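The next part holds the structures, each set out as structure tokens.
Next come two complexes, and both contain chain A; in the first it sits with chain B, in the second with chain C.
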Partner chain A sequence: MTTLSLARGYRRFIIGRLATMAALALALVAAFVLDVATGPSGLRLGDLLQAEQHSTLAVILWDIRLPQAVTAVLVGAALALAGAEMQTTLNNALASPFTLGVTNAATLGAASAIVFDLSVPGLAAMHVVPLFAFAAALGATLLVNFLARSQGAGADTVVLFGIAMVFVMNALLWLVQYVASADAVQQIVFWTMGSLTRSSWDKAAIIAAALALCLPLSLRQVWAMTTLRGGEDHARSFGIQVERLRLVVLVRVSLLAAVAVAFVGTIGFIGLVGPHLARLTLGEDHRFYLPGAALAGALVMSLASTASKAIVPGLVLPVGIVTALVGIPLFMALLLGQRRRP
Partner chain B sequence: MSLSLADISISYGRKPVLDGIDLAPVAPGSVVGLLGANGAGKSTLLRALAGLLPASGRAELDGLDLLRAPALHRLRQVGYLPQTLPQASPLLAYEAVLGALRATRPDLGAAAAEAAIETVFAELGLHGLALSRMGQLSGGQRQMVGLAQVLVRQPRLLLLDEPTSALDLRWQLAVLGNVAQQARRQGAIALIAIHDINLAARFCTRLVILGDAGIIADGSPAHALSPDILHRAYGIHGRVEACSLGFPMVLADRAAERRFP
Partner chain C sequence: MIRHLLLVLAIAVALSLSPGPAQAGLKVVDLAGRTITVPDKVERIILGEGRAVIALAILDRADPLARIVGTMGDFPLLDPIGHAKWLRRFPQLGKIAAIGKVAADSFSVERSIALKPDLALFSMAGHGPAPKDVEIVKQLEAAGITVAFVDFFFDPLVNTPKSMELLGTLLGRQAEAAEFNAVYGRELAKVTDRVAALKDRPLVFIENRVGLQAECCASIGNGILGTMVAAAGGRNLASGLIPGYAGTISLEYLMTHQPDLYLGTAVGNIDSAAKAPERIVLGHDTPVELAKSSFARALARPGIGQLQAVRQGRAHALWHHFVHSPFNVVAVQVLAQWIHPEHFADLDPAATLREMTARFQPLPLDGVFWTQYP
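Now for the complex of A and B:
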């Protein structure tokens, strides 16, 4: 090969990846439009767009369908970004916000806030539930990290303590449900199925703010995370402080998972499927992998939102059920496809 | 530029692994083979010099105290290849090297980075693998990429832990020949922990042999290797003979005793 021919060859890969990301973004726009156009009322998008201001049709478009569709995109991006970062820092392709009990802790925090009617002086009621979800998720994350560090802080140790945390958080959640009123239990059970029906612009803005805070911080560490894919020993040899990187990532994941869980409940598999789709189509150069995972997660979640309204006409299924039902076969197909690759 | 070690001691918890190691100055362009039985402390010494293990004493590279220097200063001067192979992952080999360069030299411009990567792939004969995924490469090929990640930074001190453990005969010769050439050309120093004594005797300008009591031999291959040293370092009865090319060659006859430190 001639001088700098490798750089030229590599640039072709980069162009291919940029094209893939553009295709993902276009698919996301199409999925978003489809999501807005679909609803239990069966009203067509054209009719909704032509509706007069403050009319019922305008309310359906602006206060129901659009905030739900935007929330689906944001939650999908947040969960997939969180999953991608966890998979890299824990060196485990099955890691997601569920793995370390982050989601379970956020669920416990939010459920406690609902059941015990917790409040924070000076804070609007709408913000109390996500605050407690985040506090619980962060607390669980820091505890897992602290315990793992005391035992050597390897990625496997973090995962093991995380799995223990899942069971502890589930037990505490059952305890909260046990002492809760029947109404509150019903509310929590419905909420743990994951649903976009409680979406609003205010809540979407908070999820967007969390993403806007976390994504640039993630992108600042793309080289460190790319290098970490070579293994912890090699990353350390390049001066990367692996334990510190893992802690920072886990705090980010706590925030992303907590806001998602606090507003839409438990949504499974997006944190797994998003990163896997990105890995298959974009590789693991984190300059592309992280934003690609966010795009893929947003796309899958947007499609799941549409499916949740289209599967049973006139009825909106909890989107968490749809992501689980669609996510499991998709995930299996991805894994089997990956095994067949050379 | 020279490297010298004085009174280096390293422990794992309360268990001392190396105690009071001294190494006379190593001249630029030298390739030093670090030999010794399993558990003698070869990897431990390299990890400490790379700043990955706490150690007492003094390790000086041209005035820079390696044990206390800020990480960024040390990374500019020292390249360390761990014993473990780079993981099989969907990263391209090119990206693995680019990532290593970016993580340690964020100041380097894109053109300079591309040129450095091109050179290291060409010199190691890895051009054909550069745009393959790490997961598609064999263990030996990944080891070569790991070496490329170190060499691309052109460090003044190369710390290589078993750099040929996964390589076939052809690549063993190519890698050590390349390291020796780079050391000579750039006036760098290579400190290589290695089990293959004959390979070390062929390419190293100096051998440092670790035993239970620290350094038990230090000198040119012809001087450092002897039946007595082989017995003390490895617990074997062996011979040291000259091969037809003039390099010392070790022939291991039998184990003297069963032991594992």
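Now for the complex of A and C:
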């Protein structure tokens, strides 16, 4: 094989990946527009865009549909990016942003705020619940991080500490629910089922800020992570400090997952399947795999948001229920397509 | 016709001949549809719903707590101001043994049996054991305790008189129960008789427990407040949309299917007002200004503030605890006035509440229990 043909092959590889990414991005834009264009009122986008300020139609577009659609995209991207990094650094295809107990900790934080009527001076109760959820989620994962650090931060160690955290948080959550009233328990259950209805522009801005902070940092480590896919020893032989990389990734994942969970509740599946969709379409090169995972997660989440409005018109169906139902067919189609390829 | 008359006559004779007030041995059907036998004596009672003392006070007027030996812990938690008032009037309320907290799972069968009650009084909906907790009911019955279910919640207007009658029979207070039911029926008929002649059924949107969850809009499908709105001559926007009792209506749906009336239920109280400003504050000791300002704040949320009903001044708020109370008939009168103001101008629900509590409760209800905007 000549140098020339190698270079040509590489260029074809890059162009192919970029084309796939562009297709994903286009699909995302289409899904987003579809999401904004659908709603239980059946009002069309054209009518909404012509609405006068402060009219009913303007409220529907600017205060209901748009913040929800934007939040769907941001949360999908944040969870899938976090999941992709997690799968790589833990070398585990079953890892997701929630592997280390982020959700369980967030739920415990939210439940405590609901049941014990916790308050923060100067903060509305509606913001207190997400704040406690976020603090608990971040606290729990930082604890896992700290413990892992003290034990050498091996992938198995981190996963084991994470599993321990899941069980501890669950036990504490049950304890809180045990002393709670039926109303509060119902409120906790509802909170746990992820829902986009509680979206607002300020929350979307916070998720966007977390994403804007983490994505460039992830992209700076794409080569290290790509190398890590070849095995820890392989990565070490290139001079990569695997444990350090793992701990840095954990901090990013905690931040992304905690922000997402705090504002929209538990939305499963995206963080697991977004990375797999990206891997199936883009391969293991993290230059494409990480942003691709974010795009794929945002796409699935956006489609789920549209579906959740269409299934029972007029009622709010928590989007967390829908994500898996929408994501599975997409995932299966890709997987089967992959198998058929020689 | 004659056969019916004879039957009624026979029952009347049988009732007048029945010995003693307790009607021991009589078979009655409780609100869960279970046939139970009236025990020989009911001197010790445990409550699966602490707020049931309000219903018991209608019957045991001199000392409503005399027979209560154990209770769940919902009353102080869910209606702290009301509970504090009861506690001031009846200090022994604080000394009643706890048989659980506020979740049915925390109910202790062993503790309950140890209290040697004659009667376990449970609610169909609430915080103690429900009919689905078959094991608990079996265990209590095996210990010789009569278990009876009452309901003021799911089908309030039908089940309130039934529950009071059942309680009257079990407690040997038939006369007191009948007296309450007569007043209840009379006050309810003031609304239902007139509604029957009306054709117009304005569309009412019920927002359940405003401010309790971050997303809009929790509502009621069937039963509960939906039944009360229907009795008052309104049409519940969410009935037919929400399959069960409760659910969440999409704000966008609400804005494009505008109700004639907005009705929020208030779960805030004077203690929670500062901590949870998104709840509407109503109930015991609430000043009018606080009720008004908290309601105005709740209506200022995006979307809700744009509703025609709110803009046209047809937005109202009701004390949430009416849905667990035998005095729900007062709420029906209030609703009728809101839904059909031109036909019920002569009703005075405040007077109804005042008179009924003066006659049937050991302490008055002071405060604001409903409000409107602006």
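In the analysis below, the second predicted complex is superposed on the first by the 288 of 342 C-alpha atoms of A that agree within 3 Å, B and C clash if a C-alpha of one lies under 4 Å from a C-alpha of the other, contacts with A are read in each partner's own complex, and residues count from 1 in each chain.
Here, a contact is a pair of C-beta atoms (placed from the backbone, for glycine too) under 8 Å apart; a residue touches a chain by one contact, two chains touch by 3 or more.
Owing to the predicted nature of the structure, the values given are computational and were not obtained by experimental measurement.
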Should A:R279 be classified as contacting the first partner (chain B), the second (chain C), both, or neither? first
Partner touching more residues of chain A, whether chain B or chain C: C
Partner chain in contact with A:F190 - chain B first, chain C second, else both or neither: second
Identify the partner contact of A:G239: answer first if only chain B is touched, second if only chain C is, both if each is, neither if none is. first
Looking at A:R17 after the superposition, I want to know if it touches chain B, chain C, both of them or none. Which is it: first, second, both, neither? neither
For A:R252, select first, second, both or neither according to whether it touches chain B, chain C, the two together, or no partner. neither
Looking at the overlay, what does A:V129 touch: chain B (first), chain C (second), both, or neither? second
Chain A residues contacting chain B in one complex and chain C in the other none
Per the contact definition, I'd like the list of chain A residues that touch chain B in the complex. 1, 3-7, 9-10, 13, 91, 223-224, 226-227, 229-231, 233-240, 279, 283-285, 342
List the residues on chain B that touch chain A in their complex, please. 50, 52, 71-72, 74-75, 79-87, 89-92, 94-96, 98-100, 102-104, 106, 114-115, 117-118, 121-122, 127, 130-131, 133-134, 136, 146, 149-150
Looking at the complex, which residues from chain A come into contact with chain C? 39-43, 54-56, 59-60, 63-65, 117, 119, 124-126, 129, 177-185, 187, 190-191, 195, 197-198, 309, 313-316
Which chain C residues qualify as touching chain A in the complex? 74, 77-78, 101-106, 126-127, 209, 211-216, 241-242, 247-253, 255-257, 272, 275-278, 302-303, 306
